[in-house]
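Here come two complexes built around chain A, the first alongside chain B, the second alongside chain C.
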Partner chain A sequence: MTDVLVTALIVGAAAAVLCAVAGVFTVLRGQAFAGHALADVASSGGAAALLLGLPPLAGYVLLGLAGVGGLQALSARRTTADHDLMAGILLGAGLGITALLLYLDVTLGSASGAAMSVMFGALFALPASAVWGAGAAALVAMALAAVLYRPLLLASLDADLAAVQGVNVRLVNTLFLVLLALAVALASLTVGAILATALLTGPAAAALRLTRTPGHAMALASVFGLASVWGGVGLAYASYGWTPGHVWPVSFFTTLLVIAFYALGRR
Partner chain B sequence: MSLALNVEHLAVSLGGREVLRDVSFTLAPGGFCGLIGANGAGKTTLLRTILGFERPTAGHIHRAGTLGYVPQKLQLDPDAPLRVRDFLRLGLDGHRWGIPLPSRAARAQVDEIVAAIGADAFADQRVGRLSGGQLQRVLIGHALIRRPQLLLLDEPLANLDPSAAAAVAALLGQVAAGGVAVLLSAHDLNPLLGHVDRVVYLANGRAAAGPVAEVVRGEVLSALYGTHIDVLRVHGRIVVVAGNGAAHDHDHAVPIP
Partner chain C sequence: MFAPYLLHAWLAASFVALAAGAAGYIVVLRRASFAAHALPMAAFPGAALARLLSVAAPPLVLGFALVSALMLALARRRGRSGPATALLLAGLMALGALFLSLSGGYAGAVYALLFGQVLGAGPSAVLPAIVLGLAVPVLLLIGLRPLTLTALSEDLAAARGLSAFWMDVFALAVLALAATAALPLTGALLSFSLMTGPAAAARLLVTRPLAAFALSMALALGVTWAALALAFVTNAPVGFFVGVLCAGVYVAARAAQAAQTPSSSTMA
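Up next is the complex of A and B:
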């Protein structure tokens, strides 16, 4: 069980730190719903990966990126796009496909716990090799966040101001959605596609209230996120002893801790 | 002397409706110009066209050098972790990729701008918590830090109390005196009197432009608005009297037609 625990802690840490960084921008930009929509679209990738016997992360990432393309295509034709509406339509399409794929997972495959693992995470079911994929995705995403940092911050404050200063606002917005897709893909692996938004927005929103610069907010959100995920993993691991033979979901404990940190930050 | 801004016979249509037609004016370096008109007169459209966000259907815009822009406000949560200092730094290098690394040169430039806009007292406060007047000064500082030759401002005095408006107008006067061409939109000329040397009046999609004394006159405004208008000067303020003889303070009278 120790290998499983180490894998869970490493993958969970990668998700927590990346979600902290992406989450601060997400909250500043008011794009929590876009993050949720991308996670729901990504869930169909996770379900498809189970069906095909591929690593779930690959499915989450590929379909998350497809979701970015979908969001941009839906809002490109409109001059004043209602981004929440576009995200809502995309979310519906993604979850509809997920419903079919999860049905097929259960009827055709042997993945009886498919719905639980895609929607609410299966951190203890990951093979040790998942560490490499998660680490690589997190590194690429962190590098992207570092490159985007200044123009993204400026464009988040006022798109016109950024454009006058020479920022390609459309490119920056699209690359931010790519960052968001990678963050929710890792979060989906950790707490599931449905709960990915909790890890994305909760620690960041709590940290934003307690800090004076975006960098400090990201650092504090990382601490909150790590404590939530590792605490969740630890409590879930311990639950095996409370109810012998049964492990409570990591995502239950993690979201509980996220909400506790948010409540703490609001005081 | 080369012009900072030259607008020639500009026409702009939005959604098939002609918002501006045959608008011409120039602005020299160090010129301070008020763009005056009622809501819907086309002030924002003209600014957005000069900024390059709208395409003219006719005419030309020539502008020189670096452009500075001051939006009316920022959509920012009061708790957003962005200090005045960091926002000013973004004006310097926010368009570059990457993380802002500590830089002595950048810090010196930020300090210089903080002093120039009189923001020493709130330089370490969060931008979302500033008063309207403080935010305007910070937005102006953000635009000035890259040393633009032309500064465009969208209604910087709207929603400011009279003393804050006077302070912002005086600051912009200093900016213009330093050689920057300043163009700001406003629905009221009075807070700008004594500061601006030129005006562009917009009404019915057309413009009357020139020095204040030449444009703010009965014949010129009557022709522009298409109704009889008298202009009176009282204690340094301008009172515009519309056709039916009902006197209005300038604040309310110019948007009559």
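Up next is the complex of A and C:
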């Protein structure tokens, strides 16, 4: 195996497992659109990182966290707010900035394929050093998930009960969005900012239908996610031979496999 | 800024803004943000496929958008449609990415389909924009009463013999028309901005449905014109100004509302 392939498999695995854990909560809380919005906002970080010559993951994480701040500011003091609408307004602004940065990537820099790599992923183009950043982000996020697990579950199922039990619901909700931002950052690195939403929600939604406890759902979602990402890497690698001169995108196969698992879970 | 070669861009973009502003009213009313975000993306593979096959884009774009509207309505009927919506839009975007890769992955085409290419609009873009730009507000005005009723109370609507499912199909199909009109100009990603920011701002500023409907269209038109002018002057992409101004209009409306509320409470 080549270095490129090993890097792709490791980064993809970190993204799949983290998305499984964050995804189960996302689906339970009905926040699929918030996850998607964070990925769209984070895409401007990916585009900015290309412009400044930084690792893309750093851009995705920083702007994803900025997106969390924006989401909290827009929803603040509005108990009856349409949260999807707030996410929509935020992601519109984020994508506008992405449009500008990608344009600058092409005109000022030489990253002519910037739109394709930020929005649809470029797993085979990652340097070997990306493994360390991805590993560190995954470890921080998993530690956060372990600390949050019980209070977050309680706050997700019954916010009033959680508050009575002494859980700071607002803090827990914010920390969950931080976890979500880290998960979509890794997913954006793997399948691109637009398709990150598939890796986040698909395996988790399928696993939740097939299991009875959140813990089991996370384990099964990890298996689905890993199979989708590694299967996608394998198929894309094989596609070099199918259409000479055109590689089929990893993210295409990964998304297809995620949808297949979701369809399996619905039966 | 008003040179003859830009006339097509101004005309087409104005009618797209009217369609998006009208559609936005329904998006906000029916709390269908995620569905509205997904529909322009559902149209994206249609445009990418048209590029791969070198055929006219509008029929393929419209076909993909309408089929997706029906699938979204089916997902929404089952409740908790978030994951299904997410996967539908991801699957269609992935298909579009494949089509673009197979047609050479030409970077300019990818960018144009995602973020739009208003200033490059030719005469062929004007007619579809006018037809769809007029059809969307007219269809929504015809359906405004039942659409409002089903959004506010499904039971009340059911008592009048209105099917919530078919009203959802109707609303999403009209959104698909608006997405088809907007895709070539504002791209798959930013068409949605025009459908949310102005409408959400209008709903904060006025309460009567028809006034909010008209204000939403007016704000969308204003944002579009301002974005075109700014893009022309600064040479930065139109999509940037559309995205940022749409969010800006909403934030400004929130600020205006917040400034109003304390003074009215002291008067009471």
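Simple rule for what comes next: the second predicted complex is superposed on the first by the 263 of 267 C-alpha atoms of A that agree within 3 Å, B and C clash if a C-alpha of one lies under 4 Å from a C-alpha of the other, contacts with A are read in each partner's own complex, and residues count from 1 in each chain.
Keep this in mind: contacts are C-beta pairs under 8 Å (C-beta built on N, C-alpha and C of every residue); 3 or more make two chains touch, one makes a residue touch a chain.
This structure is a prediction, so every number in the text was calculated from the model and none was measured.
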Open item on the list: Using the superposition on chain A, tell me whether chain B and chain C clash or fit.
Closed with: fit
TODO: Compare chain B and chain C by how many residues of chain A each one touches, and report the one with more.
DONE: C
Open item on the list: For A:Asp160 in the superposed arrangement: first (chain B), second (chain C), both or neither?
Closed with: first
Open item on the list: Per the contact definition in the header, classify A:Leu54: touching chain B only (first), chain C only (second), both, or neither.
Closed with: neither
TODO: Could you say whether A:Ala219 touches chain B, chain C, both of them, or neither, answering first, second, both or neither?
DONE: neither
TODO: With the two complexes superposed on chain A, say which partner A:Ala227 touches: chain B (first), chain C (second), both, or neither.
DONE: neither
- [ ] Give one of first, second, both or neither to describe whether A:Ala125 is in contact with chain B, with chain C, with both, or with none.
- [x] neither
- [ ] Check whether A:Val169 is in contact with chain B, with chain C, with both or with neither, and answer first, second, both or neither.
- [x] neither
Task: Contacts of A:Tyr149 with chain B and chain C, given as first, second, both or neither - done: first
Open item on the list: Please give the nearest C-alpha separation between chain B and chain C in the three-chain superposition, to the whole Å.
Closed with: 8
- [ ] Please identify the positions on chain A that touch both chain B and chain C, taking each partner from its own complex.
- [x] none
Open item on the list: Looking at the complex, which residues from chain A come into contact with chain B?
Closed with: 28, 146-151, 153-154, 157-158, 160-167, 208-209, 211-217
Task: In the complex with chain C, residue positions of chain A that touch it - done: 27, 30-33, 35-36, 40, 82, 84-85, 87-100, 102-103, 106, 112-116, 119-120, 192, 194-195, 197-198, 200-202, 204-205, 243, 246-249, 251-252, 255-256, 258-259, 262
Task: chain A partner contacts - residues on chain C that touch it in the complex - done: 28, 31, 33-34, 36-37, 41, 80, 82-87, 89-91, 93-95, 97-98, 100-102, 104-105, 107, 110-111, 114-115, 187, 189-190, 192-193, 196-197, 200, 236-237, 239-244, 246-248, 250
Task: Complex interface listing, chain B residues touching chain A - done: 51, 53, 67-69, 71, 74-77, 79-83, 86-87, 90-91, 93-100, 126, 142, 146
